Amino acid sequence: MNFAALTLPCYITVAALLSIGLYGVISKSNLMKIFISLSIMETGVNLLLITIGHIPGGTAPIENANFAKYVDPLPQALVLTAIVIGLSVTALAIAVLISYYQKNGTLEYKEGMKW
Amino acid sequence: MDMIGIAIKITILIAYAIIGTCTGLLFMGIGRKIVARVHNRVGPPFYQNFIDVAKLLSKKTNISHGWIFDLALLFSISGILLTLLFLPIGGVQLLSTDGDAFLVLYLLAIPSLGFALGAGASGNPNAGVGVMRALVMMLSYELPFVITLIALMIYYDTTSLATIVRMQSINGIKSWAITMPPFMIAAFAADMALQGMLMEQPFDIPVAPHEIASGPMVEFGGKYLGSLMLYKAIALVAETTLFVDLFLGGGVVAHGNFAFVINFIVWLALIFLLFALSILIAASFPRFRIEQAFGFYWKYEAIIAAISLIWVYIMVIK
Amino acid sequence: MVIHPVLLIAIPLITAFIIPIFKKYGAAIAGGAIAFNMGYAIGIFFHVYSNGKIYETIAGFNPPIGIFLAIDSLSALLALIINLFAFINFVAIGKEANYKFSMLYLLAIAGSTGIVITGDIFNMFVFFEITAVASYALIAGKKDKKALEGAIKYMVLGSIASSFILIGIALIYSQLKTLNIYDIAARIASMDAKIKWASFAMLLTGIGVEAEIFPLNGWVPSAYQGASEGVASLLSFAPSKAAIYAIARLMLVIFPFHATYEIALWVGVITLLIGELAAFMQEDVKRMLAYSSIGQMGMILIAFSLASQDLKYALIASLFLIVSHAASKSSLFLLSKSEKMHGMASKYAGIVSVLSLIGMPPLAGFWGKWYLMLAAMDEKLWLVIILIFFAGIVETAYFARYLHRSIGNDGELSLRYKATMAAMASFAILFGLLPLVYKIASLPLWGG
Amino acid sequence: MLDIIFAELVVAAIITFFVREKLAAIIAFFISLLPLLALLDWASNYGFAIINLGIENHMKIYLAGVTLHLAITPLSWFFALMILPLFPVIMLYSYSFFKENDGFFALMLLSLFATFGILLSRDMLSLFLFWEMMSWSSFLLVYRSKDKNAIMSYLIFSVFAAFAILFGIIILWHENSSLLLSDILNISGKLGFVAIASIITGFAVKAVIMPLHAWAPFVYSKCDEPFVAFLSGGLSKLGYYGIFLFLFSLKGVDILQNYMTNVSWNYLLAVFGALSAFFATLIAILQDDLRKLLAYSSIGQLGYIAIGFGIGTPLAITGALFQAFNHAFFKAILFLAAGIVAYRTGKWKISELGGLAYKMPFTFMATLFAIFALAAIPITSGFASKWLLYEAAIQQKYVFIAPIMLIAGVGAFLYSFRILYGVFLGENRHDSVEEAPKSMIAALFILVLPLIIFVVFPGYMLDLMKPALQAAGIESIAHTKFAIETSLAKYNSIAVLITLMVAMIPAFVIYKARKHRVTSFEDNYLAGEPYELHKPAMHAANNYYKPLKKVLLPYLEPGATYYFEKIYNGIKCVSNAVRRIYTGYVQDYAIYVVLFLLFVMGWLIWI
């Protein structure tokens, strides 16, 4: 792999975001915090995609005669899709959480259906 | 076999049926006398049972409980005669070549089953209890008995009583099964089983006159009771003969033209001895309870019989 | 007949977005769309059955750059099952389906069908997300505590899963610069080993959450228990089947290695055992069926993993198992609406479904087990065979208990509901008797 | 012809589902005669010749990608002869037994279909397929009972059996690369042993050999009697058909013997058979529920067949097949008669019944005859079969099995009399009970016929099974029309019967010589006390074998059911432990996901 100057900090950030997200999901009992953690994870994944598509010195993939070298456009398209999906999931999650709050009076996740 | 042969055979069979009946009744009378002497009484004359049977059969019967009740009479006499004729008696084979010891064991069940049906049909609870006891007794004494039977069968490698008798009579008394140590043990177990078969004390639990008013026969009177007595007489002969055939060479000591007379007498003597032995035991022991009898047969007797069986098995395998 | 597989996805998607406009007639429109889709899926199925594979590129770009759909016999069958049961299930749901529900339902169907017929790994992800979002909403749609809890569990795990799938895709893309499954498969050997395995692990974990593999299936019991009957039934035949099919593609096409086969095999065995054992003591019917589903998915996974070694029998086994499970489990979930088996039709549905699941001939489930055994025997996997038998007996035990418990005639199910249930169960008989599935499996596979 | 019969069975099954009960019974009756026509057709074409149709003459069914081969063989012909006649009889009986048509006839026809299929199968897959069809069609009949124990135990044991058979079959398939039953098994060593042992175990479940019998008492005692008659009379024979097929027709015996030459594995089957004969008999004696009693008696009697197959000599196998034939008929009579008793009185407990013999004389007579056969009284064919088995045991010097068989035979008298006395004799407790409907009586007496025919001509039975035995390479034993001869002894049935009849003459003379007066049963001797005082105690059938119970019960108490329950509870514990994995906390599930990811990665990258 071609580790350029910019990509390494990006990868580190990706790892950090993912870890923070996972840690949040695992350790928090407040559902809102869990979903925030999930959003953080998604951000990390999106960053990963962009980093993969990055070519050192490349510009945005917009047709421009001045620049011959531009980054891989596909990951960026993917990221756009992923962001939309992430957004819809978050929106739905919040809607469900509102319902949950109305039924349970709290967002703390208590012992539920098990076994 | 030509017609004359069949006719002769039928005659012989009828003769032995009559002889068996008379012998049985006679023995029963003698038995009553012996018991009386043991008890220090005078007792009835030895022909008393002939009189009893004749009286019972010749009188009008007041109680019957329908056609199932009648089966008792029909099955008991015919069944026990059938059994008797499938045994070799004093070296005379009769029908014993057409069947074997297993057949005899099951034929013995026909009259018992007939009686049990009649007793059940009477609706008398005592009869029901009596039959139950009889059946449990049967289950008890059959175990040691069949074990000894199997010991004999695998030793002689046959199940036919005729063959067993023939093989025991090759050298006269010396070749009787009882002369061999394992079969001495077996004979002891079988004799105990015989005691149960004859329903003599200490195994007269099924009839137990003082407890359940003679058990199965409580409702029988007149010709029914008469047939019961006849059955008992013939059964006595049949069962002792079975023992003699198995262990005592069928009473065969002589071979030759008129040997059957000697053999007949020896057979008669042997079954009388067996009967007398059982009567003496009966006269001197009190009655077991049913559980005790069951335990006696299935524990001690069965172990004794099993020892003989294992012994024989080892002998045969070698 | 003009064959455009894209219509299978496009029609429900477009209809789903049209429906909110015609609120009142939303359900009817949705019903029409699903019916059309079913008909179209049947058409495509028989087309593939007689003419072989179909490839369709979208918007004129050719692979590897363009997005394309690839339908082989397997995907045709899966698409058929999903759309067929979706229609029957929709008829069963009937008046309970308002326009919102219909919309979500259509999205779930479109997503599941998309997963099955797409030839592009990122598209697969997108369809996964469409299915998942629709499913979350459908589960939560019942709006009681249990439903919300189930939806939340599914959502949390589903979101993690989607992240993992995306990471897996990113890893593959970073190496091969392509998203086309064909292309990836052709050049998989040139990948860096560690990245290859990492991406496989990510994809397996991600898709495994949807495919109800142990231990990724924490959401399954709660979601099934919380969801309404129609939704539980939908979950049992659409997203889970599509997901297990995606795993099959992953193993059969992209990563056909011994290591992946082994890991999938043992994960399948453990899933089977855990699912069946957990169902054994379960008192709640839906939860029991959910655990049982887990077990069945484990068995299907075993079949698919064996298929990577031995196409001859294992593939047939997996198809039969999928058909049997889809037909039986969905009709049992529908049946769970009433506590007792009310009426002749529900008795028929319940009994046939149970018999098919425990593997009684000539129902589809039997052929699944039979061919699975043959395949396992070919590989001499004694332990697997015995464990499958053990799991089968455990399964029988709780289903026998279930059958006994649901004896009775009380309950009120509408005639239409019962008829649809019976129709669903009948497919277990139909597919068991017809040589269709067997012949399908012997057609040349996609990429093979 | 076969395909027409198969099709008609299925169609009739569907039709009978929807028509009224009487019409359904009539249709079912006539349709169930059809398979018998196939047998007749075969007999008229081939007589008793040993014909094994080649593969080209098989009837073939194409199903889900496989081909099923079906054809009649001498073996299946013989087994069909004992099982298939039960069906029309049961239909006839059920004509009046059922108040409403709730699927009984349809399911019975399906069972017939499956039975016919099992018997005709010429490859292992179709054997297994029809076997399983039989399992579920009979399960649905069990399901009608709505009894938890019956439903669960039957289904679980059926599936266990199915898996055991399947396991064996796939091993044979893999090693032999053929499923055809006409091929000789080309397998040996450990694998062959496992395969054959597994298949035998599977069939032993339906053949009700202890300790795999645990389902039988529940099922036999809770289901409809006509069905139970088939279950005990017919279905159990199919288990033995399977055992015979794999053990003798396919020479599984040799495979077992070749595995460890110094151990007689066959003997093990005989021992299990003997144990089931012995213990089931003892347990049957102590039962109070009529159906449970018959269930255990069935297990005991079937044990004899296992003994015969276990001993494995021509003599023993002949005896076992004969016993199977007899058992099919007499046990069907007993269950059907029990059904009549319940149909008329609604009671099952023997201690609550009594005195029915005079109310239902024909039922009683049929029962009596069946009991004679069961107890092997030499006036029915029941004796010949047991006699052959005893002879076989003695011939082989099986000193452990022989006494057990014999004592179990004696035990049979005890429970037989319990039925006779408790149900039909003793105190009359049912004043308003009538004789059973004519169709039921007719059914019973049709079943009595073979028991009579084959006591007069035991040789005919041996002739009938001769092709089946010779096809499996077993020589048939010496016999004439009336007599069977072995190396140990001879049994001449006609001598017994004629002598019995002749001996009846003096008995009859004594009986007819003097008149008797028939009195009511109440008019009897009760140690001088009036009947009223004793009324509650009149019936002694309550807790009949009390002394025996006291002695035996401690030894019989744990039982196989106890151990199966232990296993069941063990799985319950495991299940409870496994369920704890699903803690209900989504955070835990997230941890599982991460752990799984790490596990897979670790596995793939480092291993």
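A, B, C and D are the chain letters, set down in written order, and residue numbers restart from 1 in every chain.
The rule is short, and it goes like this: a residue touches a chain if its C-beta (ideal position, glycine included) is under 8 Å from a C-beta of that chain, and two chains touch if they have at least 3 such contacts.
Just so you know, these numbers come straight off a predicted model, no measurement behind them.
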item	value
Chains linked by the largest number of contacting C-beta pairs	B-D
Chain located farthest away, centre of chain B as origin (C-alpha)	A
Cα-centroid distance, chain A relative to chain D, in whole angstrom	68
Where chain C and chain D are represented by their mean Cα positions, the distance between them in whole Å	43
Chain A and chain B: spacing of chain centres that average the CA atoms, whole Å	99
Inter-chain centre distance, chain A versus chain C - centres from mean C-alpha coordinates, in Å	27
Touching two or more other chains - residue numbers and ranges from chain A	22, 25, 34, 109, 112-113, 115
Multi-chain contact residues (two or more partners), chain C	152-153, 156, 160, 221-222, 278, 282
Chain D: positions in contact with at least two other chains	579, 582, 584, 586, 590
Chain-level touch network, classified as line, ring, star, complete or other	other
Parts of chain B lying in touch with chain D, wherever the complex brings them together	13, 17, 57-66, 68, 70, 73-79, 81-82, 85-86, 95, 97-100, 102-103, 105-107, 109-110, 113, 116-117, 120-126, 128-129, 131-133, 135-136, 138-139, 142-143, 146-147, 149-151, 153-154, 157-160, 163, 213, 218-219, 222-223, 226-227, 230, 289-291, 294-295, 309-310, 313, 316-317
Residues of chain D that touch chain C when the two form their complex	62-66, 125, 128-129, 132-133, 135-136, 140, 143, 146, 148, 151-152, 155-156, 159-160, 162-163, 166-167, 170-171, 173-174, 568, 571-572, 574-576, 578-579, 581-582, 584, 586, 588-590, 592-593, 595-597, 600-601, 603-605, 607
Sites on chain D touched by chain A in the complex	579-580, 582-587, 590-591, 594
Contact footprint of chain D on chain C as seen in their complex	152-153, 156-157, 160-161, 164, 193-194, 197-198, 200-202, 204-205, 208-209, 215-216, 218-219, 221-222, 259-260, 263, 274, 277-278, 280-282, 316, 351, 355, 358-362, 366-367, 369-370, 373-374, 377-378, 385, 389, 392-394, 396-397, 399-401, 403-404, 407, 431-435, 437-439
Chain A - residues contacting chain D, complex	22, 25-29, 34, 109, 111-115
